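By written order: A, B, C and D. Residues from 1 in each chain.
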Amino acid sequence: METVIQLAYLAAAALFIVGLRRMQSPATARRGNQLAAGGMLVAVLATLFLDDILSPWMMILGLLIGAGIGAVLARQVEMTAMPELVAVFNGFGGLASALVALAEVAQYTGGSEVLAPDTELGAGTAFTVVLSVLIGMVTCSGSFVAYGKLSGRLGGNPIDFTGMRTATLGLLGGAVFFGGVFVASAGAAAWLTTLSIVILSLSALALGVLLVVPIGGADMPVVVALLNSYSGLAAAATGFVLGNIALIVSGTLVGAAGFILTVIMCEAMNRSLVNVLTGGFGGEEGAAGAAAEAPEGRTVSETSPDDTTILTSYADQVIIVPGYGLAVAQAQHQLREMAELLEERGVTVKYAIHPVAGRMPGHMNVLLAEANVPYDKLFEMEEVNGEFAQTDVALVVGANDVVNPAAREPGNDISGMPILNVDEAETVVVMKRSLSPGYSGVDNELFYADSTKMLFGDAKESADAIVSELKALA
Amino acid sequence: METVIQLAYLAAAALFIVGLRRMQSPATARRGNQLAAGGMLVAVLATLFLDDILSPWMMILGLLIGAGIGAVLARQVEMTAMPELVAVFNGFGGLASALVALAEVAQYTGGSEVLAPDTELGAGTAFTVVLSVLIGMVTCSGSFVAYGKLSGRLGGNPIDFTGMRTATLGLLGGAVFFGGVFVASAGAAAWLTTLSIVILSLSALALGVLLVVPIGGADMPVVVALLNSYSGLAAAATGFVLGNIALIVSGTLVGAAGFILTVIMCEAMNRSLVNVLTGGFGGEEGAAGAAAEAPEGRTVSETSPDDTTILTSYADQVIIVPGYGLAVAQAQHQLREMAELLEERGVTVKYAIHPVAGRMPGHMNVLLAEANVPYDKLFEMEEVNGEFAQTDVALVVGANDVVNPAAREPGNDISGMPILNVDEAETVVVMKRSLSPGYSGVDNELFYADSTKMLFGDAKESADAIVSELKALA
Amino acid sequence: MQNFIVFVLSAFLGNEILSKVPQTLHTPLMSGANAISGITVVGALIAAGMSGGGWSAWLGFLALVVATINVVGGFLVTDRMLQMFAQKQRSSGGAEPEGAKVK
Amino acid sequence: MQNFIVFVLSAFLGNEILSKVPQTLHTPLMSGANAISGITVVGALIAAGMSGGGWSAWLGFLALVVATINVVGGFLVTDRMLQMFAQKQRSSGGAEPEGAKVK
């Protein structure tokens, strides 16, 4: 039986591997996710057949409650609230890993046999318990702070108070110290073991808060990806505690996934991970500080939905550049409709997707997929950047940083970030609500360029108006 | 110490992985091979620090003798004899794995402790011993037969005698039976254990011979790749016997490599692996049976090096199609020189590389690399196939099957194999020694086509003559 | 030690597999990977079901509930997202109305 | 069991890494992989050095010799081959004579 269960765990790990492999193509990705879910089912079922189960009802009840809550959350969430939801799930994952390690400790200090087969709580295991609790708890509280910032429940501003760095370092030192005490006392005094692990848990929770609080709201996706990596590592550490292969393999895979995503995002923003984690960059404070009105002596030329309709409907080629504002306005359906109407009139319409447009990697792809925009109309930055020069109208919908020419000059927060060359198009129409800057807080010269026309207003409303005009034209 | 050695083994495995990863690009491949060699060094050094070493001199002596022989063999071999050499090394690898497993058995039956730490020769270990001996010995004798066929010491013809299949099946049955006896007797009678494993070894050796002997000489590269996979698996099985992680990881990686190469070769030849292993296909007997003289009523137009020189030097574009004959003639240096002279005269010269030209995957690439032909002149089949129609001269150098239009028709041995469309070129010059068919034994209609001119003779001599003519022209 | 080896191999494997996921799928990858990290549900099951009771059992039970939320919610939400990608592919041939498929 | 897990993970990893090797490098890959399969030299060392003598030691010694041939020969010959590829890259810029580099 033992061997069969081990084989089932291995099969689960294999299903995760195969599932993740299928994530390499949109055509197979859904199947891949289902395979991974199947792997999870196999692992859970196998566990239910372990010997020595004392309270099967507790297991079933826990599964049912968790599954119910998870299903409801997953059903109800808006697609735009994806980053928040991932953050919440992630926090739960980290918490669970830490709690399992704590249960193992409770089992030990309660004088019972420990959960891992054939082991006592030796120094090696104690060390992995510390890792599991530390990483798990940091992931948990960090993820919930990230959730708060992403959902707007906490302010997005980087929070910084005097002595915060000191406090962070102090907590880290404390966590390490009590981790050491825990390992040292693991074979000896039970009260010291309990005390040290409780203090460790609380410090780790506080640490998670302090680590994420100073990071600006807009950098949260990077934080979520990194915490995702941590929650994988926490699961792997728990796997070490229990000597469970399924946990080690899958946890490590997730750790790698999160880490790769983090690196990719940082690269695309042309910033280092350290800069993201310590920068206090990208809060709304930056936005508030910069100009929301045209500065003196500069003029912007405004346009209306009617004019934009005429302009685009007589164009040969229109390139749509979506950005975070599209997600905020939820304008993807209107945009798709507009593009289709233009195509009916013989206009070539393309979408130019910047790698970090939006707030999550692939954010725009998910949004446009939701609105059923066909694949072959989406172009990556490198593919499309040469085409703006032959394009009549570049339609910038709620994008800002990804089209900001300031990136080409040195000495500002987005210097060196590759951008979409919309300014090479004959006319640029920018759909946004004001002149306020984007995520980075860097002012955008594009708005004042001669070839640029601003279409102020919520992107959804503007797009709706254009759609009506186009229908009237036909 | 134990842990440090284990970590060293893990480091060795990691170096193999990183090394093999670098094989993904020609620019990094050499570094990759060196890293893998470094990994091997780490593993060997770590092993020398194991406790309980009884005879260090034996270890050092064995290493020195082996290294000496290996270095001499590697230094002296001709690049064209590569497949043979790999076959020989492979045979040694398989033999070594089997011998290690046998040593473990000898240790046990001699009443001493077994080599693997903390284990006796239980049923599980005994089973892995059987696998290791079986796979290792089959690999060994099979590889040496393959060597014999590749080097021409054994005839290339598929050998088949009455009752061979029966004999093969009998041996396999015997091997399985005595393997079973070995496992069953492992805890009990030492004499039975010894006897059964000796019989198993001998049957496995005979089995390796009988499995490879019926396969035609030209299919040997596929066999070598498959045996390569086996030798990896034998090493992995030995790793199970000894509980050694370095052996398991590396052996499995090699197993995967050999298997992938086997599959790729079979796919490129449009044949199934089963067909290769049982087909009795591709011996010289086929070649002998087919026409080496033009059949009655068919004429071929012959040409001379002089004419070919004129023809190519006034061409705009010449595409060179190398094949196995280039390797036989060792004409790559002359060919490169010829191409360079033509280029000096303003002719565009390209090399078209068919995926299975030659007798090993990438055979032509290795040959042409040896002659310093620059990368950017080599084109894969898909890239270049559309260009023949705009080409003045297609120069087929010792290639046959890969340009045989019979592949486009059903019902013969190469039906369905993709080919290079040389017949679309204005003129085709075929450099080979006779009208005899190639590897597959299928007659080639191309030789009788109106646009084809045959330049009979050894490819090296013909190319040499053309080079002299070109120099005289200049 | 063996566990550590498994860890190293998994890290290599994860790196190989995941660095090839295209940008388009990064959001679903993030949530899908997150769901997989819920594998800790196995540990939670062990903790909830095999503890002798007391603190240990309650910690295990709590772990089980939150881990299951992570697993079930994570896979479902990823599926919802990927479903949209699948739809998009199906409909990319043209803008036929749904009814067109019936014929 | 643990060993079997390591085996499975290695197989996945090998498949990922090796299916991306370009055709150009298949011959060196074959001989390089072959050299790596000589890792059995580690087993041979153990057998040769740790046996109590007799049959076991001689079998181990023989295993050691042939395994080392495989390892040393295999890596060297692969290096020879790959060296040619490296040369080719260097000289692909043009057919300058060697002397040109001195300046």
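We adopt the following convention: contacts are C-beta pairs under 8 Å (C-beta built on N, C-alpha and C of every residue); 3 or more make two chains touch, one makes a residue touch a chain.
Computed from a prediction, not measured in an experiment: that's the story for all the values here.
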| item | value |
| --- | --- |
| Higher-contact pair (C-beta pairs counted), B-D versus B-C | B-D |
| Farthest chain relative to subunit D (centres taken as mean CA coordinates) | A |
| Whole-Å gap separating subunit B and subunit D, where each centre is the average of the chain's CA atoms | 14 |
| Length of the line joining the C-alpha centres of subunit A and subunit D, rounded to whole Å | 42 |
| Separation of subunit C from subunit D, taking each centre as the mean of its C-alpha atoms, in whole Å | 38 |
| In subunit B, residues with contacts to at least two other chains | 17, 245, 249 |
| Contacts with 2+ other chains: residues of subunit D | 2-3, 5-6, 9-10, 12-13, 17 |
| Complex contacts: residues of subunit A adjacent to subunit D | 3, 6, 10, 13-14, 17, 245, 249 |
| Partner subunit C, residues of subunit A touching it in the complex | 9, 12, 16-17, 19-21, 23-27, 29-30, 32-34, 36-37, 39-40, 43-44, 47-48, 50, 52-56, 58-59, 61-63, 65-67, 69-71, 73-75, 77, 79, 82, 85-86, 89-90, 92-93, 95-97, 99-100, 102-104, 106-107, 110, 112-113, 115, 224-225, 228, 231-232, 234-236, 238-258, 260-261, 264, 340, 355, 360-363, 365-366, 369-370, 372-376, 378, 380 |
| Residues of subunit C touching subunit D in the complex | 2-3, 5-6, 9-10, 12-13, 16-17 |
| Residue ranges of subunit D in contact with subunit B within the complex | 3, 6-7, 10-11, 13-15, 17-57, 59-89, 91-92, 95 |
| Parts of subunit C lying in touch with subunit B, wherever the complex brings them together | 1-2, 4-5, 8-9, 12 |
